[in-house]
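Listed next: structures, encoded as structure tokens.
Paired with chain B in one complex and with chain C in the other, chain A is shared by the two complexes that follow.
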Partner chain A sequence: MTLTSIRRFARLRRLPLLPLAMVAATVLVALFADVLAPHDPLGINPAARQMPPVFAGGSWEHPLGTDRLGRDVFSRIVLGTQISLGVAVATILLGGLIGTVLGLVAGYRGGWIDALVMRSADGFLAFPSILLALVLAVTVGPSFTVVVVVLALVLWARFARLVRGEVLAIKERDYILLARVAGAGGAYIVWRHILPNILNTLVVLCTLQVGWAIIVEASLTFLGAGVPPPTPTWGGMVAEGLDYIESAWWISVMPGLAILLVVFSYNTVGDWLRDVLDPQLRNV
Partner chain B sequence: MTRLILSRLVQALATLLVTSLIVFVLARSSGSPADLVLPTDATPAERALYIERMGLDRPIAEQYLIFLRDAVQGDFGVSIRTGAPATELVFDRVGRTLLLATAGLAVALLISLPLGVMAAVHRGRGWDRFSMGFALLGQSTPAFWLGIVLILIFAVWLRWLPSSGVGGWQHYVLPSLVLGWSISAGIVRLLRSSMLEVLDAEFIKLARTKGLREPVVVWKHALRNALIPVVTFIGFMYGVIIASGVVIEVVFGWPGLGYLAYESTLWRDFPVLQLSVLVYTAIIVGINFLVDVSYGLIDPRIRT
Partner chain C sequence: MTQQAQPILQVRNLVTRIGGKRGFGNAVDDVSFDLMPGETLGLVGESGSGKSMTCLSVLRLTPPAATHITGGQVIFDGEDLLRKTGAEMRGYRGRRISMILQDPMRALNPVLTVGEQIFESLRLHRGLRGAALREAACELLERVRIPDPAAGLTAYPHHFSGGMRQRVVGAIALAGNPDILIADEPTTALDVTVQAAFLDLLKSIQRQDRLGILFVTHDFAVVSRMCDRVAVMYAGRIVETAPTDMLFDRPRHPYTESLLRSVPDVDRREERLYAIPGQPPSVFAPRTGCPFAPRCPRAMDRCRQETPPTRRLDDGHEVSCWLHEE
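Right after this comes the complex of A and B.
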């Protein structure tokens, strides 16, 4: 397949080529970060402190400049991909699994289980996760696990609400009633007949939550309630550069730009997947 | 109606209690709360006194009751950093946080109402693409980073606006712009889909048939009805709105509740952090209570 034919195919399918490439790139960068980073992301170099990026008078040695300790900004952004994507994937696995199971049970069973699950979901959605993260940072100390748990506490509720809604719509269909008449048990029906029908919705929701998870993780780390230094993280880098904004703006601006580009790509791909896989799904 | 108010009031109080319980349990999950609440240079005698007073040697349920008893009397301990009562520090800051949240919400409405309406009216064309692109960009921008970029442009390079602190109206411009921007994306998307639905309704066709001018149909009859889910959304998301203010307060050195919570995290000033979180929760719960009750007043079907 030539490049032209790929482009034509992409236009016909309204395929967001650039964002898809970005998404693939972030995964590869996260997997091979150690090989791809040109410098040691933790390597302090007093001789090369606060060097500007190459387009602002710097050199190709440090394409995005260096921070106040002389660490290479580009290498640190590359390594930061691991934390950002790692948190997103772990959060979505944990929150998505819990939320989906609870949503399936609430939707299929109804009654007081349904009321209980949905009431708690509302509560968790309205409660600001940032505050919980701050409390946890002081009491148990900031860590990767804390961030994932805090994010999953909000995320399960989003999954549960959506899945429950889908189950309510599906469970009255004829084939479900027939399966029940044929003697199938609840667990079998949910696993065999309902879950496969909401897989597309789940895929779309997962994709759309990656960007959200990356931004919230960065915000928590920015506040010192996320993954602690010296691990390079995008939010942590922005925070470190805040005090040097007048003399060395790139320390903050570059990692923030990385967040913007990556999250924008994931959101674009998510929107596209939604239109392709699940056109009725809106406002998630 | 009285029943609605009562049941919602009970719910609101229950939420507050649960939050206080969670914070309470977390404080005890990390070892002795004496380490969290007392300064590091506290003498053994001071420690013993604190353990005695808070009943730390008694069962945990009893400890929680002691905490509640003190809380009801307005005693939330003293700040580890300054030694002042936590209540004094916290209530000093609440007003500024609410002001910033209100300003941010106003900016958000100024941005998102025109964009959402125009997107629905010109569905699939230029305005729609622009609005949806804006919403996508808004959802993808980290608020703290946008704040730093605006400080860089308008405070450091152009020197038009102050970079941090409070004072005149100039200090409001950048923080409320960032807060407004970060809230807008969700409102634009929601308003667009709700407008699309309303514009299809019978009463809009009737309004057009009556010969009403198109702007009146769109901006008066359609928008008023399309706003209902938006108001629900804002009421529901209010907690998230003021919480995203935490990051923005830190970037702009805005001396509000969020900045206080951030500082007390850095200083491990647990009594102040605990009260900040409880006050945040009380504000959110209070707003949700008002929203619920006002729905009851507007729409009698909800009064159950």
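Right after this comes the complex of A and C.
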């Protein structure tokens, strides 16, 4: 007991405080975006166009400056957090759920179901998601839903692959055989014995996918296949500011920095979680 | 064995085929044995002789992709299990026939508490809920002599030592009040003192419940301690079955003889330990004659051509060897 508690303490000392704080901050900002934004993120103000940020000679009225329509960049980034994180969470919930269920079934049942699921996963992983998004954006029109569906189409395959691999390893363990000896059925074994064993892995995968989802969402919006304007999104803001990069660099750079920091934080936290959870799971 | 009862389990001419990239063969080849209520039947043999596959075949839990039970009967309580549907079979598992395995470190799910894993069996087999469930789980842990059962319920498997874990595994196996317990080398992973305590526990539970135990092992010390009768397996076949003391005193099959000779004896300080020359045949090798013939010191021409039938000898031995054909 003492040894494990010391170890646990030591592990906790290697806590990535800054990224963790960033992750917590993004969640809070996303939840309270409407309260935190000092200005209306959609409010056009022709009198205050392309105002520089406060550290580049601007005023505290617009701490990160304004864009070409005089909209407050800071407020738009704050509201963009909601969209970016919303897309990420919705994608991971949808894709993760589908992928996990299919991965569990494929791994546990094996045979043709396994072959079918895994070959489709390969197909979806090989298919360029940006192209798919562009096609959908043209045919059904760009929207939040389209972005989530496109991302989930790729994401389920990643979850399915990982989950299947874990199931293959776990289902050979003795306690699975003993559960079958005890008369438990397939669905029960998967739910009660296999799923709890891969929960840690799933948590890590989810965290690591947040960064990916934010970047792809930003790319899609940048290309015009994402969440349509005037909704403020980070990718969209970068795209809008690109034409003014020489005169008003902050319009693109500020949301770009937001993407950078948030993705970095989520990935760092994900890596950290993997290190913390994995050896514990293997050692018990 | 005091009263003449019906066997609880009769295995008749069981054949389990195994197949893969390397070919096909019989992992369990024409195996027959009886198990009486309250009796312990030892199943001994080298690794790969088909002991575990026989056990899994009885429960119909052999790996579905690679194996197939192709013939014979597994008559449990008068009914042939091989004719049951999958759903019917699930009603037998745990409730009538239960099993414990070799390595208690791997037999428990590391992410669930011991309590949850015992509750699971109790819910499944006895339909217990709530307070009754807790009480029954405590009773079970008490039965397998776990000190402080209430605390044990909330502990995780890694909080227990190997011997304690095997007791927990035993408690889970006994949750459904089975008629038969299949014990697949349950003490191999335990050290000797813990082993003795576990075997004593198993014996006392057996006496209380008239539990039939099919005891797989390759340790003759354990056999002499536990088993009423012993079946010796070689290459998927049972070559000799006899009451334990008779098997030790007068082995009738040359393989049993060699096997007993290979057990090191503390009293005899030999220069070299005896080893049976040669290797057991691969499951996938084609078979003609007695599978032990190539390694048998007393093999005759006939042994290499024809498979010997199983004969019941006057002294209670059942043996499959041409030496005993008159």
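Operating definition for what follows: the second predicted complex is superposed on the first by the 266 of 284 C-alpha atoms of A that agree within 3 Å, B and C clash if a C-alpha of one lies under 4 Å from a C-alpha of the other, contacts with A are read in each partner's own complex, and residues count from 1 in each chain.
One rule holds in what follows: contacts are C-beta pairs under 8 Å (C-beta built on N, C-alpha and C of every residue); 3 or more make two chains touch, one makes a residue touch a chain.
Because the structure is predicted, anything quoted here is derived from the model rather than measured.
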First, second, both or neither for A:L260, with chain B first and chain C second: first
First, second, both or neither for A:V105, with chain B first and chain C second: neither
Contacts of A:A160 with chain B and chain C, given as first, second, both or neither: neither
Partner chain(s) touched by A:L134 [first = chain B, second = chain C, both, neither]: first
Comparison of chain B and chain C by chain A residues contacted: B
Touched partner set for A:W249, first chain B, second chain C, both or neither: first
A:N197 touches, of chain B and chain C: first, second, both or neither? second
Which superposed partner A:L177 touches (first chain B, second chain C, both, neither): second
Residues of chain A that lie at the interface with chain B and also at the interface with chain C: 283
Of all residues in chain A, those that touch chain B in their complex: 123, 125-132, 134-141, 211-212, 215, 218-219, 222-225, 235, 238, 241-242, 245-246, 249, 252-253, 256-257, 259-260, 263-264, 267-268, 271, 282-283
Residues of chain B that touch chain A when the two form their complex: 15, 19, 22-23, 26-27, 29-30, 36, 136-137, 139-145, 148-149, 151-152, 156, 189-190, 193, 236-237, 239-240, 242-244, 246-247, 250-251, 261-262, 264-266, 268, 270, 273-274, 276-277, 280-281, 284, 288
Chain C partner contacts - residues on chain A that touch it in the complex: 110-111, 173-175, 177-185, 192-193, 196-197, 199, 281, 283-284
Residue ranges of chain C touching chain A (in the complex, touch as defined): 59, 61, 65, 90-95, 97-103, 106-112, 117, 120-121, 124-125, 156-158, 169, 172-173, 175-176
